[in-house]
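In what follows, a single structure is set out as structure tokens and then discussed.
The letters A, B, C and D name the chains in turn, as written, and every chain counts its residues from 1.
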């Protein structure tokens, strides 16, 4: 098994006719992701990907016609919150939001709105989900990893690829890799995914990639020490980041004393988690 | 995007928050005229986007227009924490009987805005938060419901505000909340909010930070960006959609993605080197963007080697390779470069660079070690 | 509080909803002038707060200013469903290529606002809802989040609007939603919204109902109440905070509480009588309010007996008794009255009335039967 | 036992220093309701009811100091929504809102906000709760009923008193009487209270008083036929109300075909519920 997404996941692409949406839909299609529909308001009735995928005007009609049970969002930042609301309204259980640059207040409202809804959001500003050999929802390159028993969770984008690549070089495969995104307000976080990996039969160990800012790694450390029996290896980026400097990443602002890489590494190690010094060291720390 | 005090005050005034009478000036003679208009006693305040202006002598109380002019001459010639003072705000002097802090900020841990208030205004609020946390009132705001009247009353109670001022205090906070929402602020702060000698509330200082991600819907606010507060290289980078931050080392970095860029700087450090900059070319970088980034890196003459680490997802390695070729031909770059291209269109990218003379490396660790040793003057 | 069409259109126009050029007029000569200004072809529309104005001849299309004047003369002399027409709206004539219905109303079952849209506009929307429910799009709106863009698109899709008009349709609905929220409407409706011959959307008719409970925060809207549409007795009652509705029977009723007032009317009916009115004096009625209510009841000369049924909770029976005495002395009431006072200060109330000459009863059923037989002319 | 409120319920009065708040607090106090505090912003530190009840500036401080676990709201309509939010924020489990004239859109927002919160709202525009012999929260006159085994639920105010009085004349006592209010958007409805009465050991039968408008009586009829084993007697006001005429009660607007008294009576009787012809007939229909 895997977590969140597998080969039977029926994927809808919101913003499928945009440049990025189309390019990555092609990539996902080539990975044999089961894309069942696209949505692009005003372009319903068209077909994309060599006439194989129908485009709908609304998520609701796409879901009604195709039974899609996951959605990936590529719409521009200004339309992103609305795209999420539309997916939630159509009761899609999993929504992966790739879009970067979503205003923070939009995401705060989205988060509040999501309370007690059935929908789980990954992102925004994230690379998405890759279950190697089964499905790719988002933009994680498919050829840099293969099926295996390591679960990967990351707040970063390209740094995640670096880690997957390092794992591949060390001949370690992955059950599912999830980039949760680096924005300060986002959907699913480390703890929820740790819980899923702990319960997943295919996953034997977990790699967690964090960075400066916020307190998610600290919360994860506490959760791991209490509830996670599988080995966890962590890496934290930003040891040399100057405090208070914005790193082009809303997630990378240091708040108060908390949130420095040093603090996070200390907390993780105090909870018995092995922390790698650089990404390529991660495979050697795995069990 | 941080706004200057005078810009923040202009916004607050639009939302009904009382501010002192005042005007912005760029020359000391203007300052004298404004001081005369305002009746003589004024505060001359340097407009730079750093804290500690007061301690640095960038805020002065003048008793006469002449004194105001004299102070302005001094302040307009200053640099505060490396930033030149080009403008001063001239505000009427306010006699203060009590100071408070109020602010609304995004709380990422609770995932909602929080109203912060304290009776210990004017001082360093972060120090208060650390030493006397009980003196700081924190009230979380439901982002769908908005700030409720009872929450504003609770803030007034929490800071021991005299009851006679509750009503005007609530109007101030209502304005602050509305400004925060309407401007997509990540911070909207008044420190200090004072009771003046006529027993009225006045916002003596103001700070607003706008969420950069929201600027597409605030074309008016985008114009307020103060270019003086940033490194010229940072401004240049922003034009191309590149994030650049100057650091102290000598290894120029170009990376895609903030996390990977930080990890790249970290690994240089791990192997004894030091990055000259943080540079994130972002997703889907074009060859023009890559070339511009190289130019920016090279504008720092301390740079002894360049480390390009691209892991293609949205970004395509062939585009990056083209950009590197373009720039190295244009600029006749002599500084040694270590280039690592992995991911989308990796083969095509490496193909493009194969014929040119770049040092390549397979692993991040190898590449980093190479960049460090090149910076130390060793041949590759 | 129902607004007239022209008032509703003025509100909609403030929210960017396109309406036909037009003006309100009280005389036919004004109508002629307006028609001339608008280029001749106009629609003269009676402004009364009832449905079926068109069928009653209250809406006429005039080809010339002279015809407009002629129609206005006729319409301004009309009564529609008992209401005199005192004003007409003169709108430029719009050539229609398609009609839609859109409206936002409170849905008490789902406890939230609902956007209703239909491609079958212009017709009786309630009839469509009954016969072809699939032709009505219902989209519920989260009252904290507000109306979302995707919901507006879904409405456009649902009514088969041509894609070229989606953008302006969304602007119209956004305006409608904003008007609904800002005005505390219980209904904001455009029927029909038409596509004109230039392929633009225009709101040809408009209806807004304001929540009476919200008027404390809409002092501007309160002034829009059209007194002509109500019975003079109802207007008089409103002045005293009393709800009065005229009915067809001959037993005047004064009751505290709407539920009890209805139950009182029902029991009169059960025992063969018929209420002359619904009258709820509300909670905590003063003796002045009671006296005013009696006066209003007596203004209906069909009334043959009066049934006062007060169950005191907030209302105090002694206050009511005082009011009854006051009014019966003032007005020298000859019509027989049955008075039933139970609850708060019941003893004091009954004491006050004991000396006066009122028929009293213990049970509601006895009291009702008495009131019925007194109305039929029997002695008590 | 009883439902919702009993003699140990610690009551807070929001708006205690206003005319109505003070008058009814006195009445409740005389009924031996356990009033522990009042709230009146700007008057914290005062004492009312002969110096027996402290007044606080905020609900939060009142709850902290007195442990109040129920609140009754008498504030003017324009401040009512805020008063409810304040009570919810202080996690008070039961809030009874007597205030009439609350704007409908205010209540729609309140209702949406309340989803998944711990607080239960009764009202607004309601007479409140009376558990005879134990506690009175609101304005139902205490002397018109006495403890017994009949549970009473009503959408009306004074009509409820009429029914209580008729029950008393027939020597029938009441377990708890709840006036839920006649506004179109309100807190707790018939169904939730029917569930509680069904589970309450003291209650042997239930009286339900409805009126024209809405579909609550219909929903209650369906619920009763499925889940309620105790006998239910109903009365519906408004048989002679003209359709479409507003009865000075937002609850009394007839919507479409539904909501007429005749329809409601038909539905109730079809579900096996006895419906009284007038209020005083109710006692004779009880088991």
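Things to note:
Keep in mind that, in the parts below, a contact is a pair of C-beta atoms (placed from the backbone, for glycine too) under 8 Å apart; a residue touches a chain by one contact, two chains touch by 3 or more.
It should be emphasised that the depicted structure is a prediction, and the values quoted were computed from it without experimental measurement.
Listed here as common contacts of chain C and chain D: A, B. Computed from the mean C-alpha positions, the centre of chain A lies at a distance of 48 Å from the centre of chain D.
Averaging C-alpha coordinates per chain places the centre of chain A 28 Å away from that of chain B.
Inter-chain spacing, taken between the CA centroids of chain B and chain D, is 54 Å. Residues of chain B in contact with two or more other chains: 142, 144-145.
For chain A, the set of residues that touch two or more other chains comprises 109, 113. A complete topology is adopted by the chain contact network, contact being made between every pair of chains.
Here chain D touches chain A in the complex through residues 115-116, going by the rule given at the top.
Chain C makes touch with chain A in their complex at residues 142, 144-145, 148-151, 153-154, 157, 163, 166.
Per the touch definition, chain A reaches chain B in the complex via residues 20, 24, 77-78, 100-106, 108-109, 111-113, 127, 139-141, 144, 154-162, 165-166, 169, 182, 184-185, 209, 211-215, 235, 237-242, 245-252, 255-256, 261, 277-280. Those residues of chain D lying in contact with chain B across their complex are 41-42, 44, 57-61, 79, 82-83, 85-86, 89, 109, 113. Interface residues of chain B facing chain C in the complex, by the touch rule stated above, are 144-145.
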